[in-house]
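Just so it is clear, A, B, C and D label the chains in written order, and each chain counts residues from 1 on its own.
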């Protein structure tokens, strides 16, 4: 069997895996319980490293079962499993004040965040590759592909349109990543149980005590603090749309590469010919997943089955996993992309007459001397300036996301 | 026939209409030609007000035909119509240096921008209505709807979750609006024809002269300047996704209102009972349109039929028109929304036993005195603080978008 | 302005138009009222030709307004208009026993049925064109396009795969057409009002009298009789899926033609180069419309706003209109499609070595004499038989749908 | 952890599982090789039961890896695995004359066919449950849910609308199942390699010999014989659309049940309250998967990466798995569904005045005596006849699919 093209299996195989999602759930439970103890709302427990202790209880194989049944509520099963393997105090205080939806949402957010990180890292590698291509071919003339009457451009100008689309998309990913919130509000999102615990513990200001716990947990998980979004799913759709912007940009690039690499054209040559089709399949499967997430968001009230893995969870998971794979493939495609300058020039020359006609029409319009038409300059307008401008933007992105 | 609910027909009937789109196309042609004249690349023409002159040539009824046929390239027809009704010089210089795709894209952007403006204005009215609701009902207890075991919340807390979702979406709209670019690059996006004109006119630096024309046109049209995005459709998908975030938020709100207004529940009463269903229909039809735009973006290279109105144009137009209508309906729904505090309280009391049980379990956990359970405080956690926090955010949005 | 390619505007411009839909609504009202009179449930009215009379009252321009507002219930407006323009008896008995949803659904069904008829007629023309292509090129060798290592096929075999897909889709259209039902049940679908009228009129068996009216109306409209499907929208999704099967088949064909017509390949030549892109755009925009219809069907209960034009109506209308246009375009594409046998042969020869290698490996496997490999037969398997078989199937379809 | 509602895990857990799909691939390879031996095109091999032998080589755990990597071509890996574990002759003749796409497509078809069988069995159980409900409640009056002014119907009439939708959908499933074809054509779909083998073996009529092998294999796998559909994916979209018709019907039923089971309504009571939400989530996630399959079908030419698991494979697999689960859930929902006749009557009485008004308007129209209005008959039209008619149809379906 031919090996998978590239390093995806090694570098990103765990992104959004069952094991990753289960670990994320345990991390949420552990961070919450730890904060309760630190705030002295729960009693001191017998574990120096509560996160480590709880993660240690997780038996991946048994655990994975929790995520499989389509009607499952994995948090119920996870709590049963953890409680049966720890001491009575930890078992009793585990999950107090949290809702199951809190755990599912926050765990998914944690796992998605890893994907966004992976995507940004891949984009940086893509920018490096595209920058090199654009610099090398800033004045390499070729025919612009999609027009009916092909007009001249440069391969550098083509490359920086790819580059610009990718940076546009990556900007959305960076923004979405910084806004990913923890879901930490209890069953109505009001922290009522936690506040009650604080009151029962004799806290002078139970509301502040409860709010402080949330702040502490969000900080430790590296997530934005945000009140109650059980029914406000905009964080997920925003993230999904950012990933779609990426798969769009990669899919379009892959489509261009496929067209330019066609046996009859061969102006570029990908090192691994299967990559464009793989990337485009992902780009085609992704938009319906985005639609599912928007529909879930618009219908959050009526379709909700609290604490269960619904259409939203699955669509988000698939979209993120696919986008992570497409990110890696696009990097590989760009790293190994060769350009054939001679064939590009030949392709352009086939359309030379249309250009000459246009130049001569313009000369007639302006009333200029028709002999000008025979001048040798290529008819490339600001193509080179476009490259320069785009490379500056790429540099800025690299600095801001170093 | 019953009148349409509200003011949509009057206030937003022209948004994305045939007439609006045709006028936008003429505005693009006029702004471009005007800039050529001002830059002395085209000769002085015989019109003080070129925009007014060209718009005056447009015969809306005849013109509308241009947009109808599904296989149409309306720019061709529009140019024929305009040229046949103006003087020879204007006819000759009209559209020089532009591509048909430039005109279509920029005109669509202009029309979409009006929709985004309308949406933001409606959101401001919605914020005003929701702020009033949330203030009035900050401590009005009710049962939280979607949980299996309903727990208490307040109607103010429910209202600010709606509010937060709407502001999240509106933030995306405001961002998308500020980024909407003009498409002004000629057929390869390199300004080759315009540069050639500048060279033939004897400009010392034809590249700068050409670039200056673009800057001038973008400024007059109120659009961001951006190079060549014929095949990079991220501006459209970003705008579409922002509108989807709005229809999601409105759809969810409408779903909640429908559930709370159900004859068997009647905790709220909409002034116009048809509005929730209308808003939800829009929210359900919108995500597939977004998917179409992403697919068009991902496949920009292969599916493009330069200069024609394709799937992208139609999906964008429908999505924008629908979102504009849903914006108005949501404002109307919120303006006329009554709340029945007594029924809310009654609804909550039906689930009182579950709350008492939870409180008594927490007391046992903490080891506190069970008599505490009988205390009269409502079990509302930080609900009131959530309202306060959200109202501050709303105020900030209103100030920033005054 | 270049004329639209082909005859679509003339031959199919009225399919699903506003005027067509309004006329269909009037036809439903007229057929119903006529049946009431014939059954002597309504009094004799003063019109020999009730359908003609009511259609004559319709003022298309004023009428079209009824379909425009996105929140409209056009039946209300239509009834007001008709009642104000006819005599008192007709006005009083118009629409008695019908629900608004009955009129909308049945009118849409009538309009859709015309589209299905148009599609089948176009398919028959496509079959004629493809049959001719397949016969002419049954043994014209060429390289099979999509494989990584191209293997030989014939252009006839390629054409009959297109043909088979189109006939498969057309079979679904023919089935869906025969199943399109009238919606004629009154507000609960139980014919309660009509039964009451029959009872008040002194009918011995009011239930039978009411049922007979429905049978009569369905027959006159040429529709299947089916009880109450206000909330059972399978007839629409089935029809939509049949149209999607068509746009899929046409889109795939157009994609193949575009690839084979690429300037670098030129094995086929379409008479009108814009057609493949137009057809593919339709094929790409159609599946999300199908998804909208399925979502509307699955949510028929909750999203319904009785009597209004919702997401379902619009999606159905667009899908049908698009499919009608794509049908015509595909016929035009096939009618004008030229094949270049020499270039096909040259394309195949480029992959000859792969075939030779495979043949020699098979000889080794079987233990046969390697010299066999040099035999001149083309390596085409049952390609010719595939053509023969498909042409028989095409003939059957043509006979059954003559 | 609460057990999953019902028997899904036991009865349908293997449908579309990794193990099932791998076994299906091996079955295809084995049936093919067996047919080669029987036709004496391959030499006699040392296995009485070739299918059993090859299935025995499959190590599920190792094998499952083949399906996981998103860029995988599992047939390559499977062949390597099988060849390394069998004798030289079997290894050499395995897969001769087949294409990888043949194996993938036919294996998917086999696995999908099991799902269709499961769906039909579940539908039969649903028909039994709905028939009982409809008979028991044929004259149980209730308010029709979706109208603005509720009019009377019976619970039996509501149940038979559900029933009709389900039978409509099941008819499509039965048709799709009978049409599922094997994909057995070799790399160009022309059986070229197999024909070459037959020629090398000295067969007098190599074309017939090759065609006979295909007939034999299709028969043994229980699949329809159909030529070459590598690029004609209508069998998949037809199957998917049939499954969507099912999830639509179940989703609509679940929505009605949820509305009628609402705490404020309680006219019906599901035994397991989570089922409606689970079913509706499936119904909401399914249509975008259908759109993906149609897009894959329309773009079969360009997006294909022969022999790999693309967007189509995954969408088909998910849709089938989800539909299988929703089938089981709907059966469970109907088996345990209770109806509260008293509350139904009470709900109807709330709208009695509207009915009285309508009856009195009809009496005035007809000129009948208003006292009639006070007559006690319920205003139910042909509701009971609708039940009778639907039950007959249900009986026919049961007989035809016994």
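Observations, loosely collected:
Methods note: a contact is a pair of C-beta atoms (placed from the backbone, for glycine too) under 8 Å apart; a residue touches a chain by one contact, two chains touch by 3 or more.
Every value quoted in this text rests on a predicted model; they were computed, and no experiment measured them.
When the interfaces B-D and B-C are ranked by how many C-beta pairs touch across them, B-C comes first. Seen from the C-alpha centroid of chain B, the farthest chain centroid is that of D. Chain B and chain D have Cα centroids lying 39 Å from one another. For the pair chain A and chain B, the distance between C-alpha centroids works out to 24 Å.
The centroid of the Cα atoms in chain B and the matching centroid in chain C are 33 Å apart. Of all residues in chain D, those touching 2 or more other chains are 148, 280, 284, 288, 291-292, 295, 299, 302, 304, listed in ascending order. By the touch criterion given at the top, residues 1-2, 4-5, 8-9, 66, 69-73, 76-77, 80, 258, 274, 277-278, 280-282, 284-285, 288-289, 291-292, 295-296, 299, 302-305, 308, 310-311, 314-315, 321-322, 325, 329 of chain C touch chain B in their complex.
Remark: chain C residues 92-93, 96, 144-149, 151-153, 157, 161, 164-165, 168-169, 172, 186-197, 200-201, 207, 210-211, 227-234, 237-238, 241, 244-245, 247-249, 251-252, 255-256, 259, 280, 283-284, 286-288, 290-292, 294-295, 297-302, 304, 306, 358-359, 362-363, 365-366, 368, 372, 379-383, 385-386, 389-390 touch chain D in the complex. Every residue of chain C that touches chain A in the complex is listed here, in rising order: 148, 262-265, 273, 288, 291, 295, 302, 350.
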